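Heads up: the structure comes next, in structure tokens.
Labels for the chains are A, B, C, D and E, by order of writing; each one numbers its residues from 1.
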């Protein structure tokens, strides 16, 4: 098993190289002179040149990239072009916030999605199923930032029971987590439903019933665990994308997370910052995928056996 | 008795030619939710086709009239007017064109690109598979919205770039789906049978594998068009949307957010338009999934 | 025989089950009767789709609903009226009074639970004992079917097909059921393994004294393990009798066809005599005898009305309108 | 000797799996005469299908020669192979999986004609498809139906028609009837038998059902774990099985008769894994008569009487 | 509503003319209650190094943490800060006399050496380079006096030293921290507050500087929360999560006005919003075209739509709050007919097509209006919304035809509204994005800059504005209002004319 984990972690290296290269390349494509942006409005040509030299932007892209990677391999993510602060500390101050939010959002999503998905599946084509599915779909269909703003108006402004934004105490988690959670809930819900439908058609469910296992236990003990495997994948993927893709929600709720950081950095062409974020996200994303895969093994002994062999 | 039987079947042959379609359609028809979805989608497509007939672009859609700005729904302007006094309904109608075409084009691009990559990976396996899928892993490692943002800010905001960005960021999804379905189809005996009667790889992919991978792809497409529309609105929120004054739902939605409290209709109507579209595409997609998957037959 | 009701474990009368689907109503079971005595083994043979599994499921009231609907008939199991039993009582009967073995051992076991747990579960459900005792007993059951109890904690994927099927048998027999229903229990297995499993089943059945319904399409298996045979065609029993009745005094043309279809080990390269045509579409059964369209003895009258059940002897009945016509004779010659 | 259509020499097919090398087919040799039927029997996973596929080069054999009509086809290039495919065809076990669900009956049967450019003209091709359908007993009205609308028996007839389209000399039938009901099975077996008589076809008939091969084949080869352990004319094999495994196999068949009960030779255990097999007789672990020699030394296939080959140390007295 | 704005500004002042005490007395209770204040801004600060910033967001915190030689009072007057007085000893030499009691937050005295260090450093820092380009050298006369020698007479210099990016930094601290100077743990200032913490993208907190040498602030701590969404910012104020909101979006103003719990303070700002034209480009070489565009744009409609009426149509190129502004020019009236005439005269009776480049949501909205209005006189405008970096880049390269930008004058000297924007030596990046090259303009700007007599200077600026008005390199849109939202019961807050509001006196009554 540990060999398997090690192998997966080693596989991460080429992905990291690929990702950083791709992002570096795209960023260098983008219009706008980085030096001019850093130098700021009103800087003269001389200043811009000075900044350019200072940051090493006068060298060819590939050299810059090489230098970046070299430093990265030595554990140095560099300093932000725009704030001069070390990239790593900046990311570390916002990444945990995003992670916390992502965690609660997924929790909300799962708490909503699993019961609805299961009930929908066990009563396929019933009214409960239809209502549940349409509700779930509404979750996917509603643009995040819109829902966020609506929630703020209702719960902060009109009812005054929740803080409109920022990250202070458990109350401030509620609305962002719901905003993010509902979208994911929809996906998880649908996945749970279809996976559950698939599983309850299986012979072993019929066997369990034939053994006299009460219906509730059949669902809980026999069906759910089997149905969870694809659901766990979706949860893992969603969690991964929450870590990087919560930009809109973070903006609406003034959440000091990495999503805003990375978008701001993209816009200001702050390459070290963008790359730092991307590297960080890639690593966590891969680690989450790994955890998901290990979870599979925990859920499904057949998969565990496969990992052991590899 | 035998003869009557025969002639009855003979009469049926002409229609049976398109059995697969008919079968799917027959099953789809029974799914009320999916039919609602389909109706709405067809309606939207019609609206976007006939947008110019309904509202003139130059004189109604982009023409400003600040005297009547931010008016609520009225007989004259069914859905009210926006911050420049433009008719929101007219903009929504024309916006359906942009939103739908962004969705459709983005999805087509990534379907064709991602699909061929995935098909190649799945069919040939080995090194080709490895190279392609590792490349997809790289794309997949970056959250798709971030990737779109990076690409749009690199290429500059415009409809085409928006489509490209969304297309590229959803490449890996298609590659994976197509690859997976190719893999399942590839090992079916009928592919071996084709090989056995002397079909080459190209013929096999074209006439056996692709048609049999269509079901999951069709489903994916209908769902992805929806998420492309959503992504567009997200990018508009970040100021990376289509060029003004082109009406686009996402841009309308995020542009109206400054007026959320005083003139909520600016955001509510585009919001509803997006929700309805995505909802119906999803209903249709889910319905297609059920209709195309004989296992789910009741 | 049929009147002698008091020692029947199972009494199914005029059972009608339909599947109401979008594509039409599948008439899966159409007036089927089964009487089975305690401790006896009944074989059910018939073609694919003839309604064997549906009948078996209905005994446990496990016919999927929707789309399955039990239209008519009664099922009395050990004196209990199954069709009108409350859900809770049903659950206490399943796995206990009656248990079922399904065709495919590969899919009948839950892949994420250990085999031991799965056997212990049924024991725990029906016997008022502690978890520990249930586990012990499950271990014993494993030994009984010839699997070392050390393998209690292993998962189904670690077992071969034959062993899995034996686990399923252990599970089915764990609570000493009075009736065991085996739905094609060896179809998925290789011949040598099938022989092993059948052997195990035979031994155990003798040991536990359960009655059994053996569903199969393999007449060889019937000959080997059953006391009585019912031949099912289109949801009806067309011929029923003891082994000798059906094998040696075949009365129904369909039964004859079945035998004619079998390649004979003793007689090489003779031409087989298959039944022509196919089973009728279950959503559109003919008005008359369901076998009429394929029957070489078919007459005008056969296509008009469903034939009645006719007792030939105490143990043997047939559903064919022509059987008692003077001069009518099945061609099958018993070797 | 001139009548030999196929000669397989030391055919091997190994698969590389994560667990090790899987010896799916391990040194199988036999010859087959024109117009005859060779039955290959054995338990699941013993390499029957792999043998069939390797002969057709649907999978590349690891080693060995396949001499078809005097030519070693393992040395042919793609284009030559394509032409050779006209001569040798395959009928599959699973009539559901082996037909493309998106194609109509006529498309499926017409496809080989089109691909091999035998009948480029669409109209003539349609006529030929008609003929073929008639040959296999498919009603004309089915011409435009899709496979999923048909039952297993008819589907298998389509598979047969497709194989016949190119008028092959050799047809490898990979369990063509095991998915079918007995009554349908009998229909198909009769059909295949008729076709063989009419067209002088040569069959390799793969099955696990001994009663079927007995009915059908001239010679029977028994495989165990990738190896051929006994081969003899069917009569000989049934009357006088020599290898302990063959005996067990024969005795395990349930006989649908009340009078002729066989004496059971019960085997213990199950077929073991073909991955990195240990030296020695592969059947030794299950063999009631196994000796130390069996466990260490691999027996060779020897001809103990005319046309009767056995690989067992116990026969070499 | 141009007139209304001025009174709103007065409302800002009515909280007390002298100090916070006046307002506190008025409310009847002399006792001070809550003194920890939270306010909200739309973006985070960039650094705590004064020389590393020049954006308005960051300058706020710099103003509270550091001191400058001179300061600009709430009313826009130049007042002493670290320098208790200054003297222009000849045309080019300024002598600044430092306060002797001024100390750093660590207790050490602020010395002339720190001032010299600050200016020497500024000459090499990208963002302060242009502000110190006229500084020849800084001479330390004694511990509390420096002489700053300029390369040429430069009247605006006294205002420039009030710029927050020329805040005096401590030599020891900067040298110790090196490149990393500007973080919460190494910034040392001599202002009324010190930095307690800075959590990027979330908030920073300032605490009263115990060693502050000036008037002791009432506020004990100031927390700034970063809330990017305008409406969320307003809501946070209304729900009381924050006490004050720096920049209230025009669309949120009416909500704040309608809510009695909160109050909107408003005054004309020192910024101007304009449409710039690249006078080197084909169509825009022609003054008539530029004038036609000025006639064709309905500036009042822009004010009403873009800033919801919270601004004044710009009549001139200098802001109306800045000394030197003239009311003698009048904004081009909205007159499409006249515009069409001019277009015809210029040889474009059927108009032409051109590009308009913008950045950001609000300016994109303005651009849409411009587009719609220019369409009326036959000009087809293609709008490109760009990222800030790309936008500046393109403008600096002079590839553009038209653009929309704003200019904010931080020094309250008219030079700050003219030299960079119109002098021919400042093409592109430095500010002259109209790429103007006009001898008269250059001459007037230089004359004004080098003239130390204030009255004469103002004359030059008037002349310049009249000339520019006619030349029309821009179409000035409006002077927008500076809108600050506060809790209704917040006391001690006064609007600063240059939007550099001081929060040190904010508090609530008990």
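Please note the rule applied: a contact is a pair of C-beta atoms (placed from the backbone, for glycine too) under 8 Å apart; a residue touches a chain by one contact, two chains touch by 3 or more.
For reference, the UniProt names are A, B = ABC transporter permease; C = ABC transporter ATP-binding protein; D = ATP-binding cassette domain-containing protein.
All values reported here derive from a predicted model rather than from experimental measurement.
**Student:** State the chain with the largest centre-to-centre distance from subunit C, centres being mean CA positions.
**Tutor:** E
**Student:** Counting C-beta pairs in contact, which comes out ahead: A-E or B-E?
**Tutor:** A-E
**Student:** Using C-alpha centroids, which chain lies at the maximum separation from subunit D?
**Tutor:** With centres defined by C-alpha atoms, farthest from subunit D sits E.
**Student:** Using the average of all C-alpha atoms in each chain as its centre, how far is it in Å between subunit B (ABC transporter permease) and subunit D?
**Tutor:** 48
**Student:** Between subunit A (ABC transporter permease) and subunit E, what is the gap in Å from one C-alpha centre to the other?
**Tutor:** The separation of the two C-alpha centroids amounts to 39 Å.
**Student:** Which whole number of Å gives the spacing of the CA centres of subunit C and subunit D?
**Tutor:** 32
**Student:** Hey, what residues on subunit C touch two or more of the other chains?
**Tutor:** Answer for subunit C, listing residues that touch two or more other chains: there are none.
**Student:** At least two partner chains per residue is the criterion; list those residues in subunit B (ABC transporter permease).
**Tutor:** As it turns out, subunit B (ABC transporter permease) has residues touching two or more other chains at 153, 156, 257, 260-261, 298.
**Student:** Subunit E: which residues touch two or more other chains?
**Tutor:** 229, 231, 386-387, 390
**Student:** If we count contacts the way the header does, which residues on subunit B (ABC transporter permease) are in touch with subunit D in the complex?
**Tutor:** 6, 9-10, 13, 16-17, 19-20, 188-190, 192-200, 203, 208, 211-212, 294
**Student:** Would you mind writing out the residues of subunit A (ABC transporter permease) in touch with subunit C in their complex?
**Tutor:** 202-204, 206-215, 221-222, 225-226, 299-302, 305
**Student:** Which residues, counting only subunit A (ABC transporter permease), touch subunit B (ABC transporter permease) once they are in their complex?
**Tutor:** Contacts found on subunit A (ABC transporter permease): 14-15, 18-19, 22-23, 26-27, 29-31, 125, 130, 133-134, 137-138, 140-146, 149, 153, 157, 190, 194, 197-198, 201, 240-241, 243-245, 247-248, 251, 262-263, 266-267, 274, 278, 281-282, 285-286.
**Student:** Which part of subunit A (ABC transporter permease) faces subunit E closely enough to touch in the complex?
**Tutor:** The contact residues of subunit A (ABC transporter permease) facing subunit E are 30-34, 36-48, 50-51, 79, 82-85, 90, 93-94, 97, 149, 152-153, 156-157, 160, 163-167, 251-254, 256-257, 260-261, 267-269.
**Student:** What does subunit C use to touch subunit D in their complex?
**Tutor:** On the subunit C side, the touching residues are 47-48, 160-163, 190-196, 198-199, 217-224, 243-244, 247-248, 257-266, 268-276, 278, 335.
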